[in-house]
Amino acid sequence: MALVQKIDVWRIPCSGPSDLSGAQALIEQGLLDPASIVAVMGKTEGNGCVNDFTRDFATTSWCYLLAQLLKQTPKDIESRVAFVMSGGTEGALSPHFTVFTRLWVKPQAALVEKRLVVGIAQTREFLPEEIGRAAQISETAEAVKAAMKDAGIDETDDVHFVQVKCPLLSSAKVSDALLRGVEPVTHETYESMGYSRGASALGVALALNEVKKNQLSDSVVLSDWSLFSSRASASAGIELDHNVVIVLGQSTNSTSDYLIGSTVMTDAIDSRCVRSLLRDDLNINPDGDIAAISDRLVNIFAKAEASPNGVIRGHRHTMLNDSDINSTRHARAAVGAVLASIAGHGALYVSGGAEHQGPPGGGPVAAIVRA
Amino acid sequence: MALVQKIDVWRIPCSGPSDLSGAQALIEQGLLDPASIVAVMGKTEGNGCVNDFTRDFATTSWCYLLAQLLKQTPKDIESRVAFVMSGGTEGALSPHFTVFTRLWVKPQAALVEKRLVVGIAQTREFLPEEIGRAAQISETAEAVKAAMKDAGIDETDDVHFVQVKCPLLSSAKVSDALLRGVEPVTHETYESMGYSRGASALGVALALNEVKKNQLSDSVVLSDWSLFSSRASASAGIELDHNVVIVLGQSTNSTSDYLIGSTVMTDAIDSRCVRSLLRDDLNINPDGDIAAISDRLVNIFAKAEASPNGVIRGHRHTMLNDSDINSTRHARAAVGAVLASIAGHGALYVSGGAEHQGPPGGGPVAAIVRA
Amino acid sequence: MALVQKIDVWRIPCSGPSDLSGAQALIEQGLLDPASIVAVMGKTEGNGCVNDFTRDFATTSWCYLLAQLLKQTPKDIESRVAFVMSGGTEGALSPHFTVFTRLWVKPQAALVEKRLVVGIAQTREFLPEEIGRAAQISETAEAVKAAMKDAGIDETDDVHFVQVKCPLLSSAKVSDALLRGVEPVTHETYESMGYSRGASALGVALALNEVKKNQLSDSVVLSDWSLFSSRASASAGIELDHNVVIVLGQSTNSTSDYLIGSTVMTDAIDSRCVRSLLRDDLNINPDGDIAAISDRLVNIFAKAEASPNGVIRGHRHTMLNDSDINSTRHARAAVGAVLASIAGHGALYVSGGAEHQGPPGGGPVAAIVRA
Amino acid sequence: MALVQKIDVWRIPCSGPSDLSGAQALIEQGLLDPASIVAVMGKTEGNGCVNDFTRDFATTSWCYLLAQLLKQTPKDIESRVAFVMSGGTEGALSPHFTVFTRLWVKPQAALVEKRLVVGIAQTREFLPEEIGRAAQISETAEAVKAAMKDAGIDETDDVHFVQVKCPLLSSAKVSDALLRGVEPVTHETYESMGYSRGASALGVALALNEVKKNQLSDSVVLSDWSLFSSRASASAGIELDHNVVIVLGQSTNSTSDYLIGSTVMTDAIDSRCVRSLLRDDLNINPDGDIAAISDRLVNIFAKAEASPNGVIRGHRHTMLNDSDINSTRHARAAVGAVLASIAGHGALYVSGGAEHQGPPGGGPVAAIVRA
């Protein structure tokens, strides 16, 4: 009998980006095997924009911890585990790490119900001028397919969330490109984060057959908003030069105790779709006992953005014109609170910048719950 | 037969703090009589903190407009209309003005149902050293009683929202006090806003019998969080030296087409109390057609704050430790989005800084709906 | 004998963007004739970026005041006086207004020394898609020539500072263009401020023969940094749709008591050029009695920007990567303090965003001193 | 013949808080012996306020590097080297590390000229309620004396700069104190940084005989601004619970190639005192070749703050009323640029928050130059 995945998911609070005491305690208690960790998705309390070093600090801290525990170098750890740290815990959001472990086990009974599976892949490193353009799209699409294979998912319908960590254009990278006589997609670092997320999301859309290859080109990125993936989530960070892809989905080849479902918020205040997801897909009554909901709901993964046309349901918002607070910070605060009001707590993975991730102003949402 | 109140309420969007074109259009169409305006509560798009000049700009613009229309001076207008501008439209919130007009009419039939009434009052000007202390508490309490009388409300239970506009300590006011040898409650301008709001709210609590006079003193302000009003909303601004009080409530001596109800959010993500308010008190199904809800719901008035103990339902938030964004901005973004997800739009009056306004981390909420 | 200009310059402190009490006092004392005001250049305490309403609030307040004094409408005042409000008084900078009055007088003696003159002109209104492009360049150049003529300046060498106030692309303007099927130069409001300033500065450079017409096109704006004006200063604001141009220079056709000189800072910490300007051109010893310097020096007008290559004299700066504070705010704080350390006070006109205004990372500087 | 100090000082640029490649290169070239490092003073690019994790990230990175090189644990390194990371490189400031190494050598000739010496000491850990109060003052004074002894300095006149790293009150520490029934000096984290710096600086003043013991008490901290040290520099950080003290001074018991001198800026724009320090005390012509100045000048160490009375030389500043940017960030940008305009570059140690460090609005300045 073939081995199947057994995925465990731990949501661990932290007191700062380098606080791994929660994980250490689970490890010491024998509950969490560090060798089985395949991915860590963290919400850290930086600004989530260009000069957010909390992401790097968190990843560095995890690498040092696991290196020590597994007798490897920090570099080894970084290539073995997919770390995706998303900065920004505005409003009701609460910093935490979601740790995914994967074991391959022999099922003890016939598997009929689909359960949570996870797959990982990486692209090659990108040149500065490839970021935000067709090269990043197609390489990401290939990595998504590789990650689906790694997860044991055949049908794109069984993919519920694709997390991509992608690079940005620092001033140094822009200069490097210009010195070589090539023009990067933008000279602005903050803006480059959007381009990188956008191209990565279109790569996911391509892999999941949400858009066709002939619809894609350099020029559609951050321009043709009709093209998007309903299951992509991309975060840009200064600490890497390639894309890391994590596919979350369901398969009968799994003995996990977890289910995953997904939906799409049409705008930042669309609570109804999430209530429906819980009620209709995941068998949780959103008006039921809130402690019970919090207990079963391991995490919600969502993307947030200020609607690019400046209005939400016909009412002007001011997120895009605020020169004191970046719009991604506004959007995370808003969407995070809406989701927290349903989940009963704010330790949720809400990530900013939803370019080509869900419809304009809205974004993909996935929920992992105990079966 | 005695005259009774007929209150009308207009929620008018704006494209900036000085944009009164929406009001002007209503006036030109004969729908809004400028002479009947008793109060304007605005949400303007500044930072809502010390250096937010959008509040003053909006009030100044209203005064100039009404002065021209009513052949009075801007100063006359300011003493005739209660202007309360609350800065900060973070996240999904949308800048707008809520205009209250009051006519005294002869009822055409026996009045049995309680309907919306409004009352206004002002305190004397405060010395810098009185702000945030007992003097501000007791003067505010007196003004609340005067405003209740102005509204025709006898029972405190019929008061659903008391909006107070209160002064802050600018650097100049602090210096003035120190030069006279007296110590103001704080030397920090931003901090003084909290003290002023806190003392004002305790004044409301005193007037509404929510706290007893012997429980109050200088030292309880921003210290004894068990003392609070469930119906107070206070906003501090640099543009005034006294408190302005607006009482919103219900009375049978009213022919208004509007109802008002109120509840208290226990924390920033407490959506359930607002859903109950709509369903149980105001006869609106929160899961019903969202366009119909938006249509009947004139506005929600709410206070928001970062919970002072640093956690929401046991999960750490980072609002109080964020030195880039003031916690009031975080809290408005969060609470505003939660309410917008119920109301279907973000043109809501959500105001920051809920010291002694509702329980710690929570805040009062009132809703005005078409009957 | 022909009439000549007599320019007076008043630097008036304020306690907020709408505080005109300083000007009112001068008017009441008969020192400042409101009818003779031709230009007001203010530094207001907003963020100087997109959502800075302090500029509009200041201009509005001046218009209301002068309308009342001169028995005209606010709209009349706005077309009669050139108001240029620059937001942002970071660091040691101090909010103030510089008021220029102009009288035409019969000289009482032969005029030999060049003295301060002022000229004003305006362009037509721009379509959203013209902002930041060739149309704005050429229209601005024409307006500069008109303003030189108004000032009585024939030689471009006698022009020492050209202040331009230019529009930006609000979200509404971007939408307007897109709805009409035309693509504006950018979709980002903050970014549009740079394009508008850049094109305006290139217009000045064209008028002053600092660049040639055939070097200019849409594509050089914010791209070919070798093209710039050493005497242009442009500020973008949300409150206008056309460019306003103020030329400050010298002419023998003037009986003013003031001189003007100019130089160019090569970077944000280039104090030496300003010390030379005072010593060599304006006969002020920069190491002399600081009170005497402050007394003779009416104002310094300067542009500031973060050097676009990310370094100052080989050392990395972090202004362009800071997602919490816009780089223009950093740059004003830095350049403002450098100039204040020479002038002895911070009530200086230092304006952010020096695209094509001086060399990359540097900017034009002019000083007006009592003769 | 007794051994004497040989201090070397390295100013090393970095591309981010964890970038130690510059130090690693010096170590690999054999120029910098990691075992001889006694102190590292860094400027990192965070906000320098409460949620600035770049300080911790830098210290952590140094500890990991040195632990690996010296075969010790990171914890050993932290107790062996005094790390003081000051966040905030606003304006022209440039992130860098200043590394002090100390060797004890046998002098090859009679020593007559005073040269640079360094001494280190630490206090015990403070309880939350001791921070910002008399206990922190007296413990710091003892540590300064211990560090003077460690440096081999007998006379307080030979002390030119005392750097203190001190703790702050996080929300957790405030809660801890309150739970134990004791009241900390403030409940606000940001405010606690000022109290901790202030008490630490008064401890330095006490040790250097700048104030007398009977002038000091809990109540003078952040209150009696006439009490201050002209040579203290204190930085607060979330990453420690005790004070670390570094004394920089001169002694004839030193063969170092470096001199140190000090002065006091009377306000944020006081460039003249620094020009005098260079010219009169350190034999550098401030108007001389700027490359030569940059070459001899290893670093300038300075404290910056917004003048607490809201004015600089009679002109109102807006730093204290800016709710978008903390006043410490404004002040560093201003003072950093003034000093950079003299030094010719911005890789300077300018630290914010000068409570009781120099006169109100001003601050101590020290310069280390090659002899």
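A, B, C and D are the chain letters, set down in written order, and residue numbers restart from 1 in every chain.
Convention: a contact is a pair of C-beta atoms (placed from the backbone, for glycine too) under 8 Å apart; a residue touches a chain by one contact, two chains touch by 3 or more.
This is a predicted model, so every value here is computed, not measured.
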| item | value |
| --- | --- |
| Chains in simultaneous contact with chain A and chain C | B, D |
| Longest centre-to-centre distance from chain D, chain (CA-based) | B |
| Chain pair repeating A-C, as identified from B-D, B-C or A-D when over half of the contact pairs by residue number coincide | B-D |
| Whole-Å gap separating chain A and chain B, where each centre is the average of the chain's CA atoms | 39 |
| Inter-centroid spacing, chain D versus chain B (mean Cα positions, whole Å) | 46 |
| Per-residue overlap in chain C, given as positions that touch at least 2 other chains | 15, 45, 47, 51, 172, 318, 321-322, 324 |
| Partner chain D, residues of chain A touching it in the complex | 15-18, 45-46, 51, 53-54, 56-57, 60-61, 64, 172, 238, 324 |
| Chain A residues touching chain B - in the complex, by the definition given at the top | 13, 15, 45, 47, 89-95, 268-272, 287, 290, 294, 312-319, 321-322, 324-325, 329-331, 333-338, 340-342, 344-347 |
| Of all residues in chain B, those that touch chain D in their complex | 47, 49-52, 170-172, 175, 187-191, 308-310, 318, 320-324, 326 |
